[in-house]
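Each chain gets a letter, A, B, C, D and E, in the order it is written, and its residues are counted from 1.
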Amino acid sequence: MWLTRPLQERSTQVFLGVLFAALIAVTALHLLMPQDSALYVSAYTVTLLGKYLCYALLAVAVDLVWGYLGILSLGHGAFFALGGYAMGMYLMRQIGDRGVYGDPVLPDFMVFLNWQALPWYWHGFDMAWFAFLMVLLAPGLLALVFGFLAFRSRVTGVYLSIITQALTFALMLAFFRNEMGFGGNNGLTDFKDILGFDLRTDATRLGLFLATGIALAIGYVICRAIVVSKLGRLSVACRDAEARARFLGYRVERVQLFVFVVSAMLAGVAGALYVPQVGIINPSEFSPLFSIEIVVWVALGGRATLYGAVIGALLVNYAKTVFTGVLPDAWLFALGGLFVLVTVFLPRGIAGVLQRRRAAAGPREATA
Amino acid sequence: MSFFEELTHRDRVFEFLAPAPSPVDVRHGPILYLEDVSVSFDGFKAINNLNLTIDDGELRCIIGPNGAGKTTMMDIITGKTRPDTGSVWFGSRHNLLALSEPDIASLGIGRKFQKPTVFEALTVFENLELAMATDKRILPTLTAVMTAEYRERIDEVLALIGLTGLRDRPAGILSHGQKQWLEIGMLLMQKPRLLLVDEPVAGMTEQEMERTAELLTGLAGQQSVVVVEHDMGFVRSIARTVTVLHQGSVLAEGSMDEVANDPDVIRVYLGEEA
Amino acid sequence: MSIARWLRRLILACLLLVPALATAQVADADAQQLLTALAESSFAGKKAVIGRIAGSGDERARRWLEAFADNKLARLESSGRFVIVLSNRGRNWTLADALTGEPLGEVSRRDVDTIRINNSLRNELTSVLSVLDLKSPDPASRLAAARALRGKVDEGLAERLPGLMADESAPAVHQALEEALAIYRVAEQGDVQAVATLSGSLNSEARAALRNATASDDPVLAQAATRALERIEQKLKLNRAAETLYFGLSLGSVLVLAAIGLAITFGVMGVINMAHGELIMLGAYTTWGMQQLLPGQPGLALILAIPAGFLVAALAGIAIERTVIQHLKGRPLETLLATFGVSLILQQLVRTVISPLNRTVVTPDWMSGSVMINEALSLTLNRMVVIGFALVVFAGLMLIMRRTRLGLEVRAVTQNRAMARAMGIRATRVDILTFGLGSGVAGLAGVALSQITNVGPNLGQSYIIDSFMVVVFGGVGNLWGTLLAGLSLGTINQLLEPWAGAVLAKILVLVFIILFIQKRPRGLFPQKGRAAEG
Amino acid sequence: MLNIETLNHFYGESHTLWDLDLDVPQGQCTCVMGRNGVGKTTLMKCIMGEEPVRGGRILYAGDVDLTRRKMEDRARLGIGYVPQGRQIFPLLTVEENLRTGLAARGDGRRSIPERVYDLFPVLKEMKHRRGGDLSGGQQQQLAIGRALVIEPRLLILDEPGEGIQPNIVAQIGEVIRTLIEQDGLTVLLVEQKLPFARKYADRFAILDRGRRVAEGAIADLSDPLIRQHLTV
Amino acid sequence: AEDPIKVGILHSLSGTMAISESTLKDTMLMLIEQQNAKGGVLGRKLEPVVVDPASNWPLFAEKARELLAKDKVDVIFGNWTSVSRKSVLPVVEELNGLLFYPVQYEGEESSENVFYTGAAPNQQAIPAVDYLMNEVGVERWVLAGTDYVYPRTTNKILETYLKAKGVSSDDIMINYTPFGHSNWQSIVADIKKFGSAGKKTAVVSTINGDANVPFYRELANQGIDAADIPVVAFSVGEQELSGIDTAPLVGHLAAWNYFMSVDNDANYDFIDAWVAYTGKEDAVTNDPMEAHYIGFNMYIEAVKKAGTTDVDAVKDAIIGVTVPNLTGGYATMMPNHHITKPVLIGEIQDNGQFSVVWETPSTVVGDAWSDYLPGSKDLISDWRKPLKCGNFNVVTGTCGGKSDVAAN
């Protein structure tokens, strides 16, 4: 099976090994260590790690299109946010009559802005299967339509980047509008439970964390499977010489569309897992600056390696957590400085350093 | 003659309406047929009422001054450039002007570019793998498996183009001449019905030229080949029919000797001593 | 309400009777008493006192009233002395005695009780002062006063206006007075004749009077008013179209200014400069800095800020180029990452070093307000200057890129760096100059933007996305494209805004850009031909 | 004019040029030959400074040590370069492409020498067309013309005849000879085509896998040498 | 030498909100310093814990969790935007923390763990409209706001209120703009047109943050004078004015519960302290700062009263606590976790200050649930035993969201 092909690869094995080891270690330390132990991992940390893993999955999705297909999407936050909104709508409906106004159907923000009935696009989100399907479909469809138009017209390079940015920007403005029925700027929040599990319990948190870890693993394997397949090589071919690939008989726009849609869906899943863990989804996830930041994680970790994207996402977000606590006034200097230094001194990102190490250690292995 | 062709032409329009695309139909004549093709760029007529017919299995050389429109003609055949007027048929069934580049490529038209273009980030091997004639749709490509048979074919071609030693190096590091060879290799992998070869021997040594000549003449017969080249020695060694383009239309056509002695050709192209 | 009206009538009548104000001076004790009354009355009561002060004939009255209108008439808590506040910034205020004019130096704010005023009193004061101005020797102030009277004429004044008009020499003032009187006549007396005077007027008070008259019981008047209004509406439509166009061009010129520097650094050099917005910000802060250096001369400071802003931003740009971008040759996408870092640093730098708060940049007088084309169409001056400035900057840039070697060399360097160097082009110098130029132009944009929007650490962020859109929409590498793109996007936005609202208009413009790029994948002015297709 | 001493070059770990010595005498045309991928183009890039060298020296005009000079300075010293693969500036017009050569001239001249247009009339015809739109052979002519704008003392030509129609190839050969004879130009030529090399070059040098394996006057270019080093 | 009382400060120091929020962080640091100079409270010193949620809403929740779970702070002072508060709310409720929220907001909320020291709509918007209607004689209304929940809700309330007062819908114009909107040309022109119909017109502005500077600039340039069409703003305070050239804006209005210009010794002392603390002679104070001042003092009093920093004890103790505000009156914490506040209307002066032209005769109690919204007019909030409910429906007699806690 093409999907299991990456499992035979050493790099994937290492990646999955490290990931699962980390998941197990965190779980064990959280469940087994006494609270006052230095090794105890608090629910706070578990959720934080869960959030990082969501970002990591998002970064992997971006790396797939950017690294291998050469499409610099400055709008991937849109797919992430759409997945997040799909999940958020499900979680909102789960609140039921436990909202402040006790309306059994309408979410609170609709009640106080005088909505009389649930808008049509909110229907179905009370059912988990439907909502989870939408987590994939909403971003997937958007990517399909947008990608179809763009790739068909052969929009490439910065032009494509900028219209992805326009896309997410337009969505941000649209979602800001209260009339859209997604809670405007306040977004969706105050969730109570998911699939019947109380979101405020540590067990649910741990469960979400583990689910995210597994989603990352699956997402990684899917991306890897694409990358090592002939389609992956074709993607690289399209990235470097689109026209040439056409003359070989490949429909470049379909390759682009396929990979783009897969990537958008992965981003949607990341968003869906993100929302219950951070407890809010609001239009700022659509902000172009957020999308740019995702690209920065990938570049920092090392483009076109996938695991580099994971490293980049984890590192930047960990740095952000640390710096915003330790250097509240100066963390932007640290973060900005980090970006600058890494780009200038580590041209191929952190993964580049690792590769060079490996190449130095055993040059034969690298080519195998 | 042309009237005749036009008639046959007409009645094939109906066949073209048949839903299922069928392979190239050469029962009724040429494999490639260009009629009254013109194209201009910002008012400059690069191709001017060009008529050209290539028979199935033919090896045709096309020469002509720089800027005569040879590459542009290939661009038109492969769908890269749309002509302003005229028609281009592949066999009797396929109107190439209605098709996109990948469609044309899938029909079996392969091309080597004047300026070698290969996938620089991929290895030499992978370049050939992608060129290989297989199902080129998305899902088959995703699930494609590298069989021993495929591998053998690629290795054969690698040996033929002399790049076996650089099999796993990225194509980007190849020297100019090596890229030329790789492009020829990719063309071979494609197994096209019609090969369009734009300046294959530029930058090759005499011996390499000989090898290329053998290769191309060997192909002719089952496959049709159109070669554009400025090296007269090379052209002479392979040519049966030579077409001379000038200012976007045919200036002369015939055997190498006929053409080489044509005063117009000497004036605009060959110069005194060739 | 009616009492106030009656009062005003009285005051105005008195004022017109007083032949000349500046002759007398009441006794200090009386003055103290008047001011005390002013300080201690309720807002309603103050109106009466204003009348008394104005009618007192005291030559200091005008100064008191003006200070009062400016919130600068005050009483010292400790001594009960009335003062005029000369400077009311900070915790210690500079004062002068209201009666004697003697300077009192700085006094803690705690001791100063300002005499409260509100809008309606201020309104009152303006009418009072403008009636005084009707007798001013300066025709400009007479015109302003006459205009201010429209819609405010009452019976008392109406009787006197024909007399005033007879004495009036300036035709514009005369006409304004005539309109003021006609408005009164239509509104209060249902005078059909007066409708004719108003039928061409674009003044809003005149229209309001006519609109009310259309609902009149008198059919003749109602009909005349309706017809007059229709005529006016016709004219207004044209004016509104012109206005929308102006708004569009002005928004467009802002976009052009913000984007034009990027058209150089990104469009021509290929550097995805995410710090472009922060370079704009530096230009704006330079303007603020210049105004701090030259207090009281905002206009001069603004003009000096043009070269200074250019220089500051250019130097900052060159510093970025030398420290960061030069290491990223041949990796254009990575410039995005590094310059994103730079932009974070610059923003925070401004927050830390200057302040996270917005800074005040003063608009010089010659740039504030608007030029009145007619009563319904005024073009705001600051925008007009910005439009002009944008065009000048564009033309200058065009000249540099067309007429100097730099333009050619930078394009050669971007297209093939190694080959350009092999041709003897000093690529490093070209990089520095070009990036400096692009950055400097961003600085110029900042100088202009300081006259329109916030000067704060977030300034850059709000323009960076728009700038990229404009450059890309116009076609990367084409300065004309940038100009046209900016102007057209601005105009489209302004055309959409009235019926779609600001938010939706913006969304629609973005959707338009997305769709447009589908049609023309390389922008308005695409790079055509073989090379561009790669 | 150009003396290359024990030049070594690496692409990353792979050793491309090995202890290479080469003399290019003043006022002559020296032709470098060799199979595909032996390092001819690399050698030219080292001389132009596009590739850094690892050891060895390049001396120009007797005593100018080029080894550590910046690329642009080499052009300003009077070296014209026609690279393999044309390398014209695709989005500049033909005229602008030519004008880039003015930067290297010491005399501040602002117009293109007529001689270039005389040599390649097609360039004049297509003055306002984008370089990238030209046909392959036209581009090659442009590349040569551009190098001539510098009015160089040393002209490096990397397979200049590639893609050019026969009569113009011959013409280029003639021009090279004229320039050598009238202006004392020195030419370093990379060429695969023996007839052309034999006709226009004075000396030859053969490279094989990064080493100089033969050198001499063009008349000494013997069949055994060719068989040994130039056939596959 | 007991452990210090940890005070979490959750205000954005970077990003778009830093402009407003970073001063509040400094205010808190100053108040803590002052309290420590007085010996702290209960013999314990106070220790600030500052984090930066960076104007990123999910990060607010995360940082709140960090403060409560990791740093174990006793109380949090923080947030500016409503969305950030909404994001933090589930966290403080889950971890049973205390949050003091200092900014005027749209109401429609009452959490057991949050104390709202800023104004609810009835403490700002409604009195301002009353003033305009009764004192200025406004008949035509422009409700202009940034498109997000606070302006939307406020305007909804005002619209209902105005209509209840007999204003016809033709005389109400509602307009929303995006955050950071900077091109006000046509909107201001529309306002001008709307205001030239012969009836006294006013603009009620819930325009937020950075959009204000270009808005006022455009007003001034298009010649809209406060005398003709006054603008009364709910989100423009001294701090915002410090970034605007106020000379052309004299006479435009704002409604707040505090102005820096208030003539009161406590206020002057506060200003002196603030100037000394920041070292900037031109430092300004504003309403949310006063709210923090009040909230902080209330917290101190409640801790004293409870004798402990235990959250539940403080929560119970703080209801009814009364501390002086800076305008010469007192603020009391009400059972609905909102406080009593005077409402002041000020006119902008050329020195960037407001001069008070009107104030409510007495303080107004903050109303968590608006009386003018159909969904919430039946709700009340009372966190005292036995009701202990933030959204008790007086008609159905139930506490929303906790149907099991029936009322009796």
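Here is the rule we go by: a residue touches a chain if its C-beta (ideal position, glycine included) is under 8 Å from a C-beta of that chain, and two chains touch if they have at least 3 such contacts.
The structure presented is a predicted model; accordingly, all values stated were derived computationally and were not measured.
Relative to the centroid of all protein Cα atoms, the closest per-chain Cα centroid is that of A.
Greatest centre-to-centre distance from chain C is found for B, with centres as Cα means.
Look at where the CA atoms of chain B average out and do the same for chain D: the two points lie 31 Å apart.
Look at where the CA atoms of chain B average out and do the same for chain C: the two points lie 66 Å apart.
We define each chain's centre as the mean of its Cα atoms; on that basis chain D and chain E are separated by 75 Å. We define each chain's centre as the mean of its Cα atoms; on that basis chain A and chain E are separated by 35 Å.
Within chain B, residues 41 each touch two or more of the remaining chains. Looking at chain C, one finds that residues 347-348, 461, 503, 506, 529 touch two or more other chains. Shared interface positions of chain D, i.e. residues touching 2 or more other chains, are given as 133.
Within the complex formed with chain A, the chain C residues making contact are 272, 274, 324, 327-328, 331, 333-334, 336-338, 340-345, 347-349, 352, 461, 465, 468-469, 472, 476, 503-504, 506-507, 510-511, 513-515, 517-519, 521-523, 533-534.
By the touch rule above, chain A contacts chain E in their complex via residues 42-44, 47-48, 51, 97-103, 108-109, 111-114, 173, 176-178, 183-187, 189-191, 200, 278-280, 282, 284, 320-321, 324-325, 328-329, 331-332.
Residues 1, 43, 70-71, 88-91, 109-110, 113-114, 116-120, 122-123, 126, 204-205, 207-209, 211-212, 243-244, 247, 250-251, 254, 347-348, 351, 356-363, 368-370, 378, 380-383, 452-458, 461-462, 493-494, 497-498, 501-503, 506 of chain C are the ones that touch chain E when the two sit in their complex. Interface residues of chain B facing chain D in the complex, by the touch rule stated above, are 41-42, 44, 64-68, 70-72, 114-115, 162, 173-178, 180-181, 199, 202-208, 211, 230-233, 269-274. The part of chain B that touches chain A in the complex is made up of residues 78, 80, 100-102, 105-106, 110-111, 113, 117-122, 126, 129-131, 136-138, 141-144, 146, 168, 186, 190.
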